[in-house]
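The two complexes that follow have chain A in common; it is paired with chain B in the first and with chain C in the second.
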Partner chain A sequence: MDPIYADAKYQDVPYEEKKQLFDEVKADMRWHTSLYGCYECGICVAACPSARFYDFSPRVFAQVMAREDVHTFYELLNESVWDCSQCFSCTRCPRQNNPGGIITIMREVAVNHGLQSAKEALKAYSRIIYKIMSTGTQVAPDMLQPDFFPDWGPDVQQVSDNLDVWRRAIPPETMHTTELAWDVAEKTRVELYMIWKLTGNLEMIEQIDEGIFMILEEVMEELLDEHGFDIDDFDSVID
Partner chain B sequence: MSLLPIVNDGAPLKAKDRVFDRKGQMPEEYYKDQLFELEAKGELIIHRIADEQAPVEIDNKFGRKKKIAIDNTWHHKSCGQCGHIPGYSTSIFWLIRQLGLTYHDPKEQTSCTAWNYYASSTSNPAAQAAVALRNFAQAYEDGYYPIIHCGTSYGHYKEVREELIHHPELRDQTRRVMDRLGKPMVFPEEIVHYSEWVHVMRHQIHERQKLDLSDVTVTVHPACHYHKLVAEDAIYDRELYDGQRTAVVSALVKALGANLADYSTFHDCCGFGFRHILVSRDFSRSFATLRKIEKMKEEANPDVTLTHDTGCVTTLDKSQFAAQAHGRNVGIPVMSDAQFAALAMGAHPYKVCQLHWHGVDMRPLLEKMGIDHVAAWEEFQEVAGKIEAGEMDFMSWEDC
Partner chain C sequence: MEQHPILIIGGGPAGLEAARGAAELGCPVLLVEKETILGGTPILSSYAALTPDMESAEEAMKRMADAATSESLVDVRTETTVVAATGDAPEITVTLAGPKGEEQVVVGAVIVCTGFQHFDPGRETQMYGYYEYDDVITLVDVERMLKAGNFVRPSTGEKPKRVCFIQCVGSRDRQIGNFWCSKVCCGIACKEAIEIREHVPDCQVFVFYIDMRMYGFWEDQLYWKAQEKHKVQFIRGIVTEITRRGDTVVIKGEDTTMGRPVEVPMDVVVLSVGMEPSEGTTAMAKLFELPLESHRFIETVGGALNTVSTSRPGIFVAGCAAGPADLEDSVSAAGAAVMKAAGFLRKHALSTETA
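On to the complex of A and B.
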């Protein structure tokens, strides 16, 4: 099949490769409740925050997927799929479509295949992945550093300067932490690591950032070992 | 589904003339029926809201009754709140303590991990469902009913519920994970957000109110993942905005006697974006200031804006600093409904509400609310000084 547009991007990528990824999106169990056809009314675009500041349209995702335009799908998969805010304002669709949900599935496919575009989109984000997967809390107090949030004003510097004292000056005892949002029990972290292994989640990280994967695997292996578990005993339950 | 009356001249109806008729067609599917069917088949244990939770029933979006657990609650904390807005979680706990109720603040809880999921998709439905069910099983085993602090956790858990209900293969995958963890397959009969608890308790909060807020003008930002992502569970009230908007937060403002002010972009997102707020903040900042903060300023000029989600407080608050460099019309303090309610009841602005973690200057608002912020900061600094000097390890509830 020829590209629909003469100036379509990614013409050097074989159709079969694009079609494989397209079919993976459509094979996801959530697919059948994500798209019911598109009126082209534009309500999703009007509600979409990303559409106001990016060359992005949830309607385009719905239309491209509905008409099975594999080439444009591949372009979206490598570009504007990462512009979505995942707020799901688009679910006010009168056809009950869920463009944000389609995008969630597309992103998962992009990550599973380690697409270069996904690696670039998540490049600066990797340390967040490490935090959530290793500690069980994503946003930690010690992330509030002026070099990471220079645009958030002088308060970030004050928090950073006083972090240890200010964290201990919070009444709930679970929150006297600086590296985690709250004190997560070690047994709970062990269970979380089992989940990452049993669902193939850790292997997804290998596709996107091998360095983070290796550190994560080591951290998980060590804690599991301390609790008498072998990391290799947790094969994925996903077929 | 509401049926709006049609007027002959085609002009849009004014708010006072709108009719919200809950007798319209209701979706045939009802998650509670489906959950109980799965329980009858032996696939799930449904964690019920029991008498010990002192439940209160209120209307959800489609007019069905939703039970809200009040007492003996298990607090599913938010990583964004605990990590960056610690006064948010602390205020929730403070309110519960002041109202003489019992709660459990577990260490055996992980984040829902949905911020990461919506940001990066470096996960999958089985992992997300297993994380949810592990937390729910822990609450069940601990003997308390889960209350969800984060709007995104609340939205995501509703999404997980829909996926578990409709996909047997996901239930099978999740069951195999939970079996390996040695935990039961438990799902709560209702996903309850803390702001629903605040909503139900607003009159008791008002009874204990110490500050006169009649001069304080408030705008409200509703969280997308509260009322758009799996929309049914959200709370609506015909007495407020004719049931056209979710009632949580707004009803609290009215109960506390503050001026609830409307603005045209009420339903817009805050611009958080999950990935964007961390690594592409130019987008989040632009949307938050241009579509939300400036609209509020122009149309309502509020003293404060309240919201009920982690990401919304963060985005609306932190985006305003850099926008000043561009001469934008910003400068609205942002906090959660729980923090505002706690302040109204006399909570300490720094020891309890931890307002020094927020970006926008709160001092004019505090003065308008009748709070001596200079003395309050000195009191906080005194405790912090003792901690720094090694005279005390931590601030406790007794120090508040």
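On to the complex of A and C.
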């Protein structure tokens, strides 16, 4: 059935466009182990932490995909798909369905097509993406500022004032850092960058946030140059 | 002393199995069938393939009938009914009415195998319009079409693009007065859905249900198979009404999973009609003074551990005359009834000898 509900948000998007993305999800190599058949038993929703806080239901993903409801699929692809915490509690399904896995594939399709909703949903992650892809670590100690983390309480002030001292109290030397979570060797950063490039992750970032992508590429290619690596010659990096 | 035969009433799966089994135990059998042919409902209602193993109903019932009739101890009377009975087992005098008139016979024990009839969809309290719309049919109609190898949309004779089943028609319904689950309709709907998908590959098939009741191995043999391999769509929610829009029937119901009302045009709607006691079952209960249980089937008195003994010693019931049953249970009950009937007669013979 392909009913389009009166309250559907994406009424104006042509069916063919929605169907193309739908087919792309089903063509994914992981699809055949993602969805067998749904009992509508609700165990996935019962187990789902996101379902407790959002209007989100992993069961609906299983149902909509099984029913090939292309219109509702497109609604989910633009909205609810971002409410999942990807914890995979839903995989306790008695039919061995993997609603979280369906969502993984759907997110990748949303990102690869640069959907506006995906850009918005991932906006807050740009900084983290940049940080992890350029430094190899996600959160730096110097991000612990009272302005940014008021919910961490009054101690944050004290910690941030003497961050350098606190960090030196940590036994491993690799943790005596304030601008990075820990020391990451440049070679490691280069290798990580090459992995992200090779696996198509950088292309996804280009779709989602072109600005971040351009800065990242500039910074990293400079680093590669410094080390005498040819961006297109992976062997030289790995050796 | 001549041994009185066991009277088996009904030549369907239970009756045929009972007849064969009794003869193999050395008991003479009088098998009475009101129709001209043996095989019971699977034959009379033109079933195509049996659930769950898809064996041809024709072949399977022929095998059962051959097994019963090839026994020299089995005396088969077709086109015959029991019209009167007096006395108690092991000496009940029954009057048979057949093509050659009436005849009185003394029987030692009785096994009632008079089965069920399909619920008449004209009695449903929704608005499905079985007698109004050509494209609203029943599970039984589907069997007939599948047996003929031609599943089509009745109003046009063309292959359908969209077919749905509506479960629990005439079952589990207080309004109708049929409180019971008919046990087999979920499995049969899955079986027919698979057959339709195989017969018409580009036809979408939907099953609207309250809950799919798949006993034991039917779960993966039928339900999972239909859903996973044959892409049959199962939608929890029952249709309340069928209307017509142009040349097409439209179903109206709730998709309870999605929390949405739905209205969908269908080329064919199949009503999954349940089981009711057959006229023969009701008549035999009256004739042999067998109490009915609360669902109007013949009451058994042994609870869960004895599903074939009635309140009258020496009179037993097997198959759907005692309540909804699949073939496996009907045939198993027939075996149990034969064992009890033979045991009853043997005990009585021994006590007569020693007296």
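What we mean here is this: the second predicted complex is superposed on the first by the 226 of 239 C-alpha atoms of A that agree within 3 Å, B and C clash if a C-alpha of one lies under 4 Å from a C-alpha of the other, contacts with A are read in each partner's own complex, and residues count from 1 in each chain.
By definition in this document, a contact is a pair of C-beta atoms (placed from the backbone, for glycine too) under 8 Å apart; a residue touches a chain by one contact, two chains touch by 3 or more.
All of these numbers come straight from a predicted model, not from anything done at the bench.
Novice: Once chain A from each complex is brought into register, does chain C clash with chain B or fit beside it?
Specialist: Fit.
Novice: Per the contact definition in the header, classify A:Tyr36: touching chain B only (first), chain C only (second), both, or neither.
Specialist: A:Tyr36: touches chain C, not chain B.
Novice: See if chain A has more residues touched by chain B or by chain C, and give me that chain.
Specialist: Counted on chain A, the partner with more touching residues turns out to be B.
Novice: May I ask you to decide whether A:Tyr5 touches chain B, chain C, both, or neither, giving the answer as first, second, both or neither?
Specialist: second
Novice: For A:Asp151, select first, second, both or neither according to whether it touches chain B, chain C, the two together, or no partner.
Specialist: Only chain B is touched by A:Asp151; chain C is not.
Novice: Have a look at where A:Arg67 lands relative to chain B and chain C in the superposition and call it first, second, both or neither.
Specialist: In the superposition, A:Arg67 touches chain C alone.
Novice: Taking the superposition on A as described, I'd like to know which of chain B and chain C A:Arg59 touches: first, second, both or neither.
Specialist: In the superposed model, A:Arg59 contacts chain C only, not chain B.
Novice: Which value, in Å, gives the least CA distance between chain B and chain C in the superposed three-chain arrangement?
Specialist: 15
Novice: Which bits of chain A are touching chain B when the two form their complex?
Specialist: Checking each residue of chain A against chain B gives 29-30, 33, 47, 49-50, 52-54, 82-83, 85-89, 91-92, 104, 107-108, 110-111, 121-122, 124-125, 128-129, 132-133, 136-141, 143-144, 149, 151-153, 155, 158-159, 162, 165-176, 180-185, 187-189, 191-192, 194-196, 198-201, 204-205, 208, 234, 237-238.
Novice: Show me the residue ranges of chain A that touch chain C in the complex, using the header's touch definition.
Specialist: Its residues touching chain C are 1, 3, 5, 36-38, 40, 59-60, 63-64, 66-67, 72, 95.
Novice: Which bits of chain B are touching chain A when the two form their complex?
Specialist: Those residues of chain B that touch chain A are 77-84, 86, 89-90, 93-94, 105-111, 113, 115-127, 130-131, 134, 138, 155, 163, 166-167, 169-170, 173, 176-177, 180-181, 183, 224-225, 228-229, 231, 267-269, 271-276, 278-279, 281, 283, 285-287, 291, 318, 321-322, 351-352, 354, 356-359, 380, 383-384, 387-388, 393-397, 399-400.
Novice: Considering the complex alone, what residue numbers of chain C touch chain A?
Specialist: So the residues of chain C touching chain A come out as 206, 224, 227-228, 233-236, 257-258, 260, 262, 264.
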